[in-house]
Each structure stands twice: as structure tokens, then as C-alpha cells.
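I'd like to ask some things about the structure below.
When the chains are written out, they are named A, B, C and D in that same order, and each has its own residue count from 1.
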């Protein structure tokens, strides 16, 4: 019997609400807002209240998918990254740096987002960067 | 009251209506807008009388204060 | 996936049939205009106005349209669903459409009848009712009817004239009967009666029927026996009977309640003493024994009836009073007979005639006012005669009190055991006074005789025969087919809170310990929807009346 | 007080009468629900008091349901205040927990918390630690009733229109255990629209709370818009009491008048 509440930060937006992910025997069961957090003082929005759901969602992608013959097929990270690199290069060469845009996520850390924009500007050479973390 | 086709259905409904009408009142909605009466299918005149009486109660109250709400404010 | 489920994925194609009902509907609202309007409603692909939708021609129209127009929902706007829904939905079934995809709109009882003389308003309301019906029908789902087995055996409770008649008629049809009588003799109240209103002797009638019943090989008679327990459901009731030879357990398909009523003993009323002031039933005894010595008899009607304690009219006492008055007068023409009454309740042509005959025989009738009732003193009855405005004193040596029949003291226990209702007077309450007078709301249980309401022997006998035909209509089918309008509980979302369980008046819901959810016995379920109203997570839903269907209907209002 | 609670839990765990105890623990400056399973692990135990008494309360009954659904054969202890104990009684009635599988460690609330909650009974029947303080009369409901109708209407309309539909009131509520919720039934509540349907959304929930709300106040605390939900539910409780003589969670064998056939019971 392994019941625990793990304190973590909501990944949905930039507010940084603290919440507990409740788990029983390794499975997430509930989300509970942290009352002692100065950020959200025991409150959450609808997204925060349901973070435990997407983690375990059956619809969640665990492996990259690549469209082959019109069908999405599971592939290895190597294959997916190789494909992305070759395509990005191809597009950049054919249409220039500004033909590529980068869209980042609030579900990753600041550091990861920093890397993303760095990659966009330094490696590809575009300023077209946006994200969903502007709530 | 004891003549419900489903034995106790109307009693059960009555209890819920009792609570709901007072809750409406608490929220500032006239409780007279909600009414439960028991009229059998064989009592057409009673039914008509009941509805006419209800209309007489409703008319002075005017349209529901919530009705104007239909155009939703933008969040 | 079967054909039925496929319909759920099709666009609704709704056919609307507007019925004129001759002039019943068309006389008070504009059916043609209503039909035109129906054409404009969403998903409606076909509309037809009929003179009589329930006629042969009307039914053919529906069937033709289902096939020709490829309808997958049918709405009939006409009269009372109670009387005509079965006809229309079975017609849909005959044309190959699942009968549960039929919806009825009542534009007669709820529209033309209540808004007579307001043609425009009635037309407008009919349109609105149809709009609601159409909106609901779009969300209807096909249902499979529920089948179960039948035990071809009947329990008849009560060996009075009603129960005997029911048993006799059922035996004639070849069914097995268990006839249970609480006392040691069959015959019930009629054993105390001298002569029937139709002229014959009660004793002769009874002995003929009792002999016949006792001689039947397919009737098992139990006297001094009490039905202890009833369980199960239509077609498969489980019963326990406490008999002189011990407890008997058995299964029956239907139950007939013919437990009768008892005459009120008028203690404390009009100086009742059982000697010079007697009840009607005691007069019957006197007549039977032929020991009537009185020379001046006064009948007082409504003794203990239509009062504060007992508001109802017992209906048969006027006729019995007049009958006995006439018997007295015929046998002893010199006896002075007076009847003091409030209103004479002589229903039917035969009994109305009796009243005239009685007057012809010299029986005197006088009205009394309940606010100023007759007073019985020693050898005298005085009453206020409104026509003359005087107090009249009648010398008398026998006062007969016409008392009502009252429910048996054990009626509540029987009602409780069978889970059937009683009315405010304590008589058993039928499912519907006009449309289902011999049925209880609970399927497979029937009622006849004075347990339902005071009845004459002729009526009790007729009701007994009627009940037999109701039972036969069930037990002579190959299997029990039950309407699919029942509640279902979604096992996925049920949290087993048991709220529905305590709310089910038919005890159709049980708790499954292993799965920790509540489950419904569809045969017992009557589709009242109590569980659906109670369930906090709308896991319990009533087929054909799901929230989305009802809300679509309300939304269209 | 906490030492008595710790001793009690320790005893229950050491003599094997419970498999675990659901209570609160303090770790890294934060209070969280916790399942204590070993008698020598009780150091982080706390009662949910940080800046003010009871300001970090969590729906421990809800945690208990989660665990009990997975381990139906085991007996668990749970830390309860007056409201939590009432909640247990309601959950027994609604068949979500079995009374013989639950042992309570009851603590009384201090006067300050009782006042803030307008709690009618700020202590459990079975008290282990703390001193019983007197119940508080519910002035809030009375004040609202004393307002005139149109004032009440604008008050609630204003409150309800603040709702951001986070469903937090439901998610935190220890009395909400359904797998499917009527508030997510699209036929009743329109999906993805703000403001919510006034007053359908909040009244639907209030109606579901009529015979359940045990007045713990967690809904009020978790509402990001500060809607006085508790006041709404306090009113339902008041009606239930006035009409049917019913108070949810008042005793172990209670029956809700709404879940009984037939007319309302005699007052």
C-alpha cells in the first residue's frame, strides 16, 4: 500500500500554482491544490484540477509518430529526429529561414523553452517564436 | 395525494419542490414562479383552473429577471 | 450491431400525423394550419392530416409513410396516449419501425378540450406541443422488449362471491387456482343476506356456486387459511399460505385480491342497541329467520356514512334498504314502513324502477337534513321535515340503520404485503378508475368485489368474471412481454450509494455486493422514474425519458 | 493536543487495529494529506494549523474513500473534526464507506475556527483531543434572508457570474464521490461557456448538496472567485432542518427524507 501526495507545480501556464498529485500504488488518483502555497492559496483553475488526468491519458503519446503512406506510425526517437532535421534543412534551403516558425509549450520548463527559442534564432535563424504560456 | 399512479412519486417530488422553491427565493427569484399541483388526467376543469390561476400569479411578476441575461457577456 | 442500433447513427427522419379526431380536435383548432407548421420543424420530412388517425385508413397511412418515406421516427398528434399509444406504436412495429421510436402528442385532452372556444390559442398551443414532441422524438432510442416466463396458476384471496366467481371462471378456462378463505366457510358477506335484489335467494345462489367450485379438480380450496407472504413479480409470484395443515409455498402467475368489506356496526349511532334499533344486516337475519314482530319500521339511510369520519357514499345501502323495505311490505302489507334518507342512490334502470315500485307499495320516503339528523328515542323517531318545516314524530317499534360497508381491518396488512395502494377510505385502489378498474398498478395483481368499493352481489360477480378475463389475457400468452420503458443503471458510473434503492416503490432495485453497484430487475420495474430523479450521477435513467430527451422537449417549448 | 493525537495513532497502528491512518503531514513547510502506516513514522504529523487554526484542512474523507475502494477489506483510521465526522456518517448512509472499517481520531476545533466557520457543532461525537467549544448560530444565512428579494437577486447574480467553472467546489468536496457528475451533463450545463448558466449551475449543485453538505467549508476556501458557496449550502441545510427536521451527519444511522418514499416525515 503506497499512498502519497507529491508536491509539484502546475504545467499548464506560467502562474506556477502548487498542487499535490495524489497517487495510490503508483497510479495518480487526484489533484489537490496546495493550501500552504503562497501562489494559489489552495485554489486552482479547471486545467490545474485535472492535471492528473493527462499524465495517464490513454491518448497521450509515448513515442513519436511519423506519417508513412498516409498513416501515423510509431517510430524511434532517432528516426523522428533525423526526419525532422532533414525536413527543416530542406525547407530552410528551399524557402529561407523565415519560412519556419516555432511554437513552444507551457507544459515544459523555462529552461526548455529558452533552448527552444535559442534553437530557433541561432540554429534556424528566425524570430517567429510563440508559445501558449501567456495566460 | 395518495392517488399517484406510481404510489409515492408525487410525495417524493413534493419534497424536492419544497427545497427548490425556497432556494430560488434565497437566490432572489420569486418562489411563486415554481408550483407543483396534483391534477389527474380525468380532471380537465381543475387543470384549466389551476393553470389560469398560475397565470394570474405569474403575470404581475413579469418576465424572469434571468431572461434578459441571454446575450452572454464576454469572459 | 443490429438494425436497431444503426438508427441511432442516421439523421432523424420524422413523420408527423395530425389527427382531426372528427370534430373533437378539428372543431376547436385549425388542424391544417398545425400540419403546415409541422412541416417547418427540424428533421420533419413528412406530415399528414387525417380525419381519424386511429382508423384503419389512418393506420395504413402511417405504415405506408414509414416504408415510402423511410421514416425513422413517428409522431402522432391526437388523443390520449393511454388509450391509443399501444395501437400506434404496434402499427409502427408492423411497418418495421421499432415501436419505441414512436412519440405521441396529446392535442385533444390537453389542447382542444381545455381550450374550447379559443380557436387561435388552441391552434398555437397545438403547434407548440407538436414542436416539443418532435424535439423529443429526434432523441428517442430503439428498445428491445423484455421477455419472461409465466406460471399458469392463480391465487385467489377471498372466498366471497367475487373470489368464487373469479375462481369459477378461471377454472372454466383450464387454469389451476388456489382459493384461500380466511374463515371456515365460503360465501363471504352473502351468507348473511336473505334475498337478492334480483329476487332470488342468496342461499340458493351461493350453494350452487360453492358446490361447483368445490367439485372442480383444478381448484384447490383452503379454508381457515391466510396468505402470509407474497414476493416475486407478474408471471412468477412466490407465495406462502398458512393453512390448517401447515405452511404451503408455491408459485403463481397472477394474484386476485377479493378480500371483501364488512358492514359497519353502528355502535353509538341513533341509539343502536341491536334489538329495537338494528342494522340492515341484522334485518336480513331477521327476515331469514322470519321473526319480524314489529308493526312500524323506520329505516334511516346513511347511518355512519357521508360523515366526517367516513366521507364516502357506500352506494349499495339505499338499494338494499329499499329492497328489504319491499320484502317486508310484501310479506306483511300492514306494517308501516318509512324510509328517512338524504339522497337516494338508486343507480341503473332496474333500481330506479325499484324506487317507484316501493312508493307504489305504500312505503313512505322522507328527506332528512344531516345538520339536523333524526332523533331516536324510546318508541319514537323524530325528524325535521323540511317540506312542512315541522318536527315530525313517528311512533315506531323497529329502527333499521342502513350502514355502509367499511374496509376490513386487515386490509392495510394485505395492502402492505402486496405493495398495493388503498384510497383515502381504506379500500383498495385500482390502477385507473375508468381505464383499468380491475387492475392494480402493480402488474399481475387484480382486485374485485367490495374490497375495492361496496358492490352488490351482481357487481361482485361481474367483477370476478372481469378479473378472470384480465388474468387470462396474461396467462394464456406463451411468455410475458413487457414494455421496455424501464429504468436502467449504468454499471460504469454507478457508485452504489443506494439512494435509488430506498426510493423504488416496487422493490425492483437490489444492491450487488460484489460489483458494489445497484441493479434493476426490469420485470419488476414500472418505469416511474423515481430512481432517475434521485440518482446523483444520473446513472439511473428511464428509457424513453432520458434527461437529454426530456430537455430537448422542454427546450422546444 | 497533537501529542495526544500522535499517541492515539501510534496505539492504533501498534496494536494492529488499523492498517493505516489518514491524517495530515507537514513536509518542507507544506501541509498535505498523508497515510501513516508505521508507528515510528509519526514525526511529520500535523493538524492543519499554520497561520490560523485549521487553515490547511484537506478532505481526508475523500482520501479515505480512494484508499478504501482499493483496499475494501482493511480497517483505516482517519483524523476527524466535527464536520469530517458528520461527513463520515453521510458517507456511511450513501454506502461509500463502511462504518466497521473506519476508526476515527476526533479533534475539537478551537473557538476561533468555529466562529469563522459559523459551525453548529465544532467537535466530533467521539473526541480524542481538544476541548469542546460551543456551536455558533448561523447569522450569515439570516442576514441574507433579511435582505429584500431584488437585493438577494443582484447579490447572487453578481456572485455566480464570477464563477470560472473550475469545478473546484465539487473536486474538493468530501461529499462528492460520483463517477459522472450532473454538472458535466451537457443537457443541463452548456459546455465551454462563461459565465455559467445562472443560477442553474450553482443551484444544481446546491440541490445535490441538500441532504449531504456537512458544512466543512472547503468549497469556500478553494473557490478562486470567492463565491460564498458555503452560504448557499448552509441555506439548503437550514431548509432541510426546518421542513423535515433533518440535519445531515447528525447520527450514524440517519436516513435522508429525500431518499425515503412517501410524504415528508412529521417534524
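Just so it is clear, a contact is a pair of C-beta atoms (placed from the backbone, for glycine too) under 8 Å apart; a residue touches a chain by one contact, two chains touch by 3 or more.
If you're wondering where the values come from, they're calculated on a predicted model, not measured in any experiment.
In terms of C-beta pairs in contact, the better-connected of the chain pairs B-C and A-D is A-D.
The chain occupying the central position, as judged from C-alpha centroids, is B. For the pair chain B and chain C, the distance between C-alpha centroids works out to 30 Å. With centres defined as mean CA coordinates, chain D is found 35 Å away from chain A. Centre-to-centre separation between chain C and chain D, using Cα means, comes to 48 Å. Once the centre of each chain is set as its mean CA position, chain B and chain D turn out to be 31 Å apart. Shared interface positions of chain A, defined as residues touching 2 or more other chains, are absent. Taken residue by residue, chain D touches two or more other chains at 258, 261, whereas all remaining positions touch fewer. Looking at chain B, one finds that residues 7-8, 12, 16 touch two or more other chains. For chain A in complex with chain D, the residues that touch the partner chain are 1, 3-5, 7, 18, 20, 22, 24-25, 29-37, 40, 42-46, 48-49. Residues 1, 7-8, 11-12, 14-16, 18-20, 22-30, 65-66, 69, 72-73, 75 of chain B are the ones touching chain D in the complex. For chain D in complex with chain A, the residues that touch the partner chain are 19-20, 27-35, 37, 50, 55-59, 62-63, 66-67, 70-71, 164-168, 171-172, 221-224. Across the complex, chain B is touched by residues 144-145, 149-157, 161, 193-195, 198-199, 203, 206-207, 210, 232, 235-236, 239-240, 243-244, 257-258, 261-264 of chain D. The residues of chain C lying in touch with chain D in their complex are 490, 492-499, 502-503, 505, 511, 530, 534, 536-539, 547-548, 551-552.
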